[in-house]
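You will see chain A twice below: alongside chain B first, and alongside chain C after that.
Presenting the complex of A and B:
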């Protein structure tokens, strides 16, 4: 899943939060900037798709007699997203540490 | 401050209103008000069925009617208050338990029923609370099962 980020051309040490630029990025040439933006867009889309899939499977009850989400489901969805991002952050931190240690 | 009623609500305002309507506090208060109404009607009906204290037959008819109506009103209000408290506690506790567990099944109703029955029987000591908990939990479990048996 993170192969694209670390195995790709640009060596980003840590995965940026969705919608933000990685810290310490000075003015690059427009091609590299475009490539970086594309890659980030791909990453965010991928993360969104996985998040959606996972939290839908885990949280939504398969009873469709009402179109409104019950309180349980909406609370579960909130927690699912928060947990996902937390795990994302921790895993990327660990990977960053491992790759820094290797160098 | 701009008048919030001149424009149709934005998506943010609608989401905030939705959040408020689905919050446990609002649900509890709303159930309390609905319980008050139902309890008033129930108390009125019950006061007609029940045997009321004997009326002073020496007073004029108008006086007698007034006394009877006052008695009915008192019974109705007392029943309404009890129903309101019961409904508010049940609804509030069920909402909180459901948000804590993040699950939607019958155990929320059972636990909420136990909390309500126990709270209402606080004056009768621990044994009374246990009985109240068991009784109300069974009742609310039955009602919840019946309401959701065709889902």
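Presenting the complex of A and C:
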């Protein structure tokens, strides 16, 4: 519904290389850390763009009488963002549990 | 020809059946239509608030809705349905943000009988007002000791959260930093909306106790780590409590109290209410009028006023105690301090004083 947790499936989450790290410890070389940071940045930017687009379409009335938002638009936008993050978090937890169960 | 037509017509009993069924369906559909019209009327009146502009950095008004277990019930399901059907649409139309708290404290006695534990709303409201008073005391000059205590408690809380987060990041290497996001807390004190007489009584008592009660805070001291297995298996010992004495800094002045709104909930419980419930199923318009009008008064801040006297606080919602669910229940009394009764504000929900009629 929200285009996937990781930006529509176009990028994968940073996963530790199998067989190279002891369980429970994160030890990544600088290049991998940089790649992970870039991936995170791309994911955040993509998520922000989707959130912006979704909440704009749902909440903002296409009437431009005033330069400021109305209370209805403001409350709607707050709730839209809060719900988006909450669902994002819950789906991430679910996916993490599923991948942990498969391992 | 008439004989042929008459042969095709249904018999008297079948006709009576179909007329009855069609009438019931018609009455039900008419009721739905009328209820919808009336709800739309109140939502349209509330929408004038939603169309006012607000600055991007301003926080929209928010209220805290409390719902306790209605008398005669063992859960908040019916009260929650009442809220979703009659009150929430008006709040949504008026862009009134809300925080909903369902207080569902049930305990099971040794003989297996479930019992509702009252006082949850009272405790929550009193705790919120006490925290507000503590923060104001800490902000005053000369109360350095309190500020240091607060910093120590906040630091310990932050360290615990950081420790949990670190452990979580070790367990889940793919965890995103987005999961650290938390919604912003409301910067002011939220007005209180009490649904039902039980919630109203607990809310007023909670405001009174929070406003004039003791501010002393019990803080558990840190426990030493358990070294032996036998000590771990016995369970952790009780943490010694340290009492932070706020009362000696308190000058007994009243803080700004939240306004309280009462929205009735005539909960029909028990077998004797079945005929009334069947009637309400086919004729719900009067309920929409009754409850949506009260919700509309909360959407407009102009309906706030001081209570005429303490008796008004005590008598509000007392009609609900005539209902079947209140039989054999312990009576609830409003106990309010005189200073609180003079300062508190209530929403005038029992009269329609909201604009745009």
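Keep this in mind: the second predicted complex is superposed on the first by the 75 of 103 C-alpha atoms of A that agree within 3 Å, B and C clash if a C-alpha of one lies under 4 Å from a C-alpha of the other, contacts with A are read in each partner's own complex, and residues count from 1 in each chain.
Everything below uses one rule, namely that a residue touches a chain if its C-beta (ideal position, glycine included) is under 8 Å from a C-beta of that chain, and two chains touch if they have at least 3 such contacts.
What you see is a predicted model, and the numbers here were worked out from it, not measured in a lab.
In the superposition on chain A, A:33 contacts neither chain B nor chain C.
Legend: residue contacts after superposition of the two complexes on their common chain; A:92 is shown touching chain C, with no touch to chain B.
Between chain B and chain C, C touches the greater number of residues of chain A.
Using the contact criterion defined above for the overlaid structures, shared-chain residue A:74 touches chain B and also reaches chain C. When the two structures are aligned on the shared chain, A:47 is found in touch with chain C, with no touch to chain B. Residues common to the contacts of chain A with chain B and with chain C across the two structures: 70-72, 74-76, 79. On the chain A side of its complex with chain B, the touching residues are 59, 61, 63, 65, 70-76, 79. Within the complex, the chain C residues that touch chain A are 47, 49-56, 58, 60-61, 95-97, 169-179, 181, 183.
Contact residues of chain A toward chain C in the complex are 13-16, 24-26, 40, 43-44, 47, 66, 68-72, 74-76, 78-79, 82, 85, 88-89, 92, 96. Listed in rising order, the residues of chain B touching chain A in the complex are 22, 24, 95, 98-99, 101-104, 108, 151.
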